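As structure tokens, here come the structures.
The two complexes that follow have chain A in common; it is paired with chain B in the first and with chain C in the second.
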Partner chain A sequence: MRRLALAAAVALLASVPWMGNETLVEFGINALLLATLAQAWNVIGGFTGYASFGNSVFYGLGTYGTAIAMAQLHLPFAAGLGLGAAMAAACALVLGVPILRLRGPYFAIATLGLSAAMAAIFSNLEIAGKNIGLILPLFRGERLFYELSLALLVATTATVAWVASSRFGAGLVAIRENEEAAQVMGVDTTRYKVAALAIAAVFSAVAGGIHAYWITFIDPASAFDSTLNVKMVIMAVFGGPGTVLGPVVGAFTLSAVSELLASRLSTVAAGFYGLVVVLAVVFMPRGLLDLGRGLRRDGWRYFAQNVRRYRL
Partner chain B sequence: MSALLEIAGLGAGYGEAPVLFDVGLEVRAGEIVTLVGSNGAGKTTLLRAISRTVDSTGTLRFDGRPLGGLTPEQVFDLGLVQVPEGRQLFDRMSVEDNLRMGAYRRRDAAGVREAFDRVYRLFPVLRERRAQLAGSMSGGEQQMCAIARALMAAPRLLLVDEMSLGLAPVVVDQLLEVLAEIRRQGITVLLVEQDVFAAFSVADRGYVMETGRIVREGAVADLRSDPEVRKAYLGVH
Partner chain C sequence: MALLAQIVVNGVLLGGLYGLMGLGMGLVWGVLNIVNLAHGALIMLGGYAVYYLYTGAGVDPFAALPLAMLAMFALGYALQRWLLGLVIRSAQLNTLLVTFGLDVLLSYLAQLAFSADLRTINPPYAGSNFALGPVTVPLAPLAAFGVALLLAAGLQAFLVRSRTGRAIRATAQNLTAARLHGVNPKRVYALTFGLGAALAGAAGGLYGVVSQLTPYVGVTLTARSFVVAILGGLDNPLGVIAGGVVLGVAEAATALYLDPTYVNVISFGMLVVVLVLRPSRIFERA
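Now for the complex of A and B:
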């Protein structure tokens, strides 16, 4: 039943480019890629409990991998995605070991520095077009980009579903809940954390690659944009971190809210967006999915309980 | 009888700071051995060296097999399982999920079911509370849960660190009885304790550690009558 509903939802989403207008497709591509990023963040942030602010680095490496492969090496798009994903995975493996030793806010701050550092590195690389950036070959295939983004989101979500039900995922949750205890019970915590980061890195990079080819122009500032990272964290947390569908629901909801506000209210939109996030954190800190369950169980008292339980 | 755990001339420390010097200790199969000493004596560091989370020099053998060069996970797989200081439960997970994490590295589903049965028989209260969040139980129940979780891993040698910490004496007595029962079931125990009275009441042999060195060792009965030990640890003359 649940599977059937999911399949129907995917089919419905897949049919959008053949029914909707251009604006809707453009909105769709953005929303799908953001949902992918939120879902990828979910692996390291939601399941493993490491709030990474460095996932935009993986996204940026994906955009640059694709751009360098296509604009400089004249390779096909698929090779570009592969190069970007490989660069991101290598980055996760190399940087993961030292930074995943840090916990809590220290980890968040260390990862936050990575975007800035990476932007500086790439604006000095000849092959990456220095700080001017790169222009990719033009390809006008909105429908293809839409379907690719959807396929990527489905693949990412399938991976998260596997994580949620696997022994590997149980190890990640154990790390989130008590890392010392996980280690004492024989979980190879370092390897698990690095693997979780690498999974997040690969999917984020492919999302970056698709976005780069779609937009056809990239530069260091847009590729390594830490506000993008803030967005994915907010979306994942809004929907429900550590759940299979929460980040997707959160990303779609917030994308829609932000789009509606932007078209109706323009400049005040950002303020309202912020307000929505603040209210969400106060009244439903465990995300949209938990809200659904809580409302059915406790009705409106659910909100009061949250406020009390988290002492807000 | 050959030693299950054999430690000789062991040194260990953190970076430039050495903590353990020339430590020798033996645990034979079927024994309860206790390692006592005050705060900062190096007891926990010795446990870390045994479980290979801290590097050490000297001899460290389990069942005749050198442990040097093994990862903590490999040592765990040999059957050296810890009940860590401060219990370290997964507070927001149920008792049952905590126990399941103990069997995390086991792949024999039937054996795991049997292990559940066995620990629930040993701790009936945990069966009653199996759906309760581990963090919401009393200290004594949490310590039971920590011991039970370690037992789920099918240990050959149970390393228990500061079991009595923060618990009422009557609860400590219950837990000591459980350790005796665990030993009857064929599991060897190394009990690291500050509470010398409690430790001596259940152990066969003991070691006394001071500033990183073993200063006394022997049968518990002998240690109890040792004037130095009586003065320093038992508070009697």
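Now for the complex of A and C:
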């Protein structure tokens, strides 16, 4: 029943470019890519409990991998996505080993400066077009980009569903709940954490690659845009970190609300995200999905219970 | 050689300011166990407070510092009492997320209220300097360095000697025992966060004099405050200033010998190296 509903939802989403107008498709591509980023973050942030504020770095590597392959090496799009994903995975492995030894706030802060540092490096690279950026070959296929983004989101969500039900995922949750205990129980914590980060990296990079080819122009500031970190983290947390569908629901909801807000007052969207995460953590720390269940069970007292549980 | 000496002087003077930034962050972290990702945003707000006191009311930036600190203390007290206090007992991930959201929100509000233009607090003596042997010592950064040292020493004295300071340290060591001795943790936590915010406000005002303010300086300053707090250790305010000096000199040397665009890379590299080498230091605090 649940699977049937999910399949119907995916089919409905897939039919959007043939029914909706151009604006809706454009909004759809952005929402699907953001949902992919939130879902990828969910693997490291939601399941493993390591709050990464630097995942946009993988997205940026994906955009640059694709752009370098297509604009400089004249390779096809698929090869570009591959190069971007490989660069992101390599970055996750190289950086992951030292910074994933750090716990809690240490890890979070270490990831905070990541996108700024990477932007500085790429703005000095000749092959990446220095700080001017790169222009990709033009390809006007909104429908194709939409379907690709949808396929990527489905693949990411399927991976997360596998993580949630596998031994690997159980290890990640064990790390989140008590890392020492997990280690004692025989979980190879470093390998698990690095693998989780690498999974997040690969999917984020492919999202970046699709976006790069769609927009056809990239530069260091847009590729390593730190507001993406804000969005993906907040969408995942709002929807329900550590759940399979929460980040997707959160991403769609917040994308739609911020789009509506932006159509009224273009500057309000940025502040809106900050407000959402503050309120979400205080009143519904387990996300939108749990909110639905809690409201049915306890009504409005659900919020008061959450506050009472964690206040001083 | 003279160039190197000049770099060291510039780096040390800026570093004192980084130390002051680390001080507020370290205090909150050590006592409340909150890593305040909005610390940089509080610094930014303090900077704008001093900027508007100077350009709007003509108050000298250094005279405006106590006013900005007072305002930031009130803001910090309120934030802890009515917002962070609500999540303080949940997983640390949640306090990180709330302060992260706060950072986004404050930067946004600052951009609305103050615009995204670069601002510098520019008193008439901003360009003055004097020669000391082969090096030039800029006056305003020197004064900023002095104020940072003064505040660090003041904080040290406050924590060691005053009754409230002792209550703060007792709470950091053992919340339950402090409660049994009549300490009201809600009040102590709010006071501590207020103090941290006041120190951030002072750092912001001084930063506006020696550098440039935008609504977005927060994130990089948060990361720097964090490195400095760890470099210095959380138990010793003057040690934190020394940590700031190390970071300041490293950045000044990078800007000269490599390229100014690499300053962020070096800052980040140092952050990772420091984190990997000394994370246990934090837990050894008294």
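Things worth noting here:
Here is the rule we go by: the second predicted complex is superposed on the first by the 299 of 312 C-alpha atoms of A that agree within 3 Å, B and C clash if a C-alpha of one lies under 4 Å from a C-alpha of the other, contacts with A are read in each partner's own complex, and residues count from 1 in each chain.
What we mean here is this: a contact is a pair of C-beta atoms (placed from the backbone, for glycine too) under 8 Å apart; a residue touches a chain by one contact, two chains touch by 3 or more.
What you see is a predicted model, and the numbers here were worked out from it, not measured in a lab.
Legend: residue contacts after superposition of the two complexes on their common chain; A:Pro98 is shown touching chain C, with no touch to chain B.
When chain B and chain C are set side by side, the one touching more residues of chain A is C. Residue contacts after overlaying the shared chain place A:Val278 against chain C, while chain B stays out of touching range.
Of the two partner chains, neither chain B nor chain C is touched by A:Asn30. Contacts of A:Thr253 after superposition: neither chain B nor chain C is touched. Looking at the shared chain after the overlay, A:Ser222 reaches neither chain B nor chain C.
After overlaying the two complexes on the shared chain, residue contacts for A:Ala181 are found with chain B alone; chain C is out of touch. When the shared chain is aligned, chain B comes close enough to touch A:Arg167, but chain C does not.
No residue of chain A contacts both chain B in one complex and chain C in the other. Interface of chain C with chain A (complex): residues 29, 35, 37, 83, 85-94, 96-98, 100-109, 111-112, 185-186, 189, 219-220, 222-223, 226, 259, 261-262, 264-265, 267-269, 271-272, 275-276, 279.
Across the complex, chain B meets chain A through its residues 51, 53, 71-73, 76-77, 82, 84, 88-93, 101-102, 104-105, 149, 153. The part of chain A that touches chain C in the complex is made up of residues 49, 51, 53, 98-99, 101-106, 108-110, 112-114, 116-117, 119-121, 123-124, 226, 230, 233-234, 237, 267, 270-271, 273-278, 281-282, 285, 307, 309-312.
Residues 167, 170-171, 174, 177-178, 180-188 of chain A are the ones that touch chain B when the two sit in their complex.
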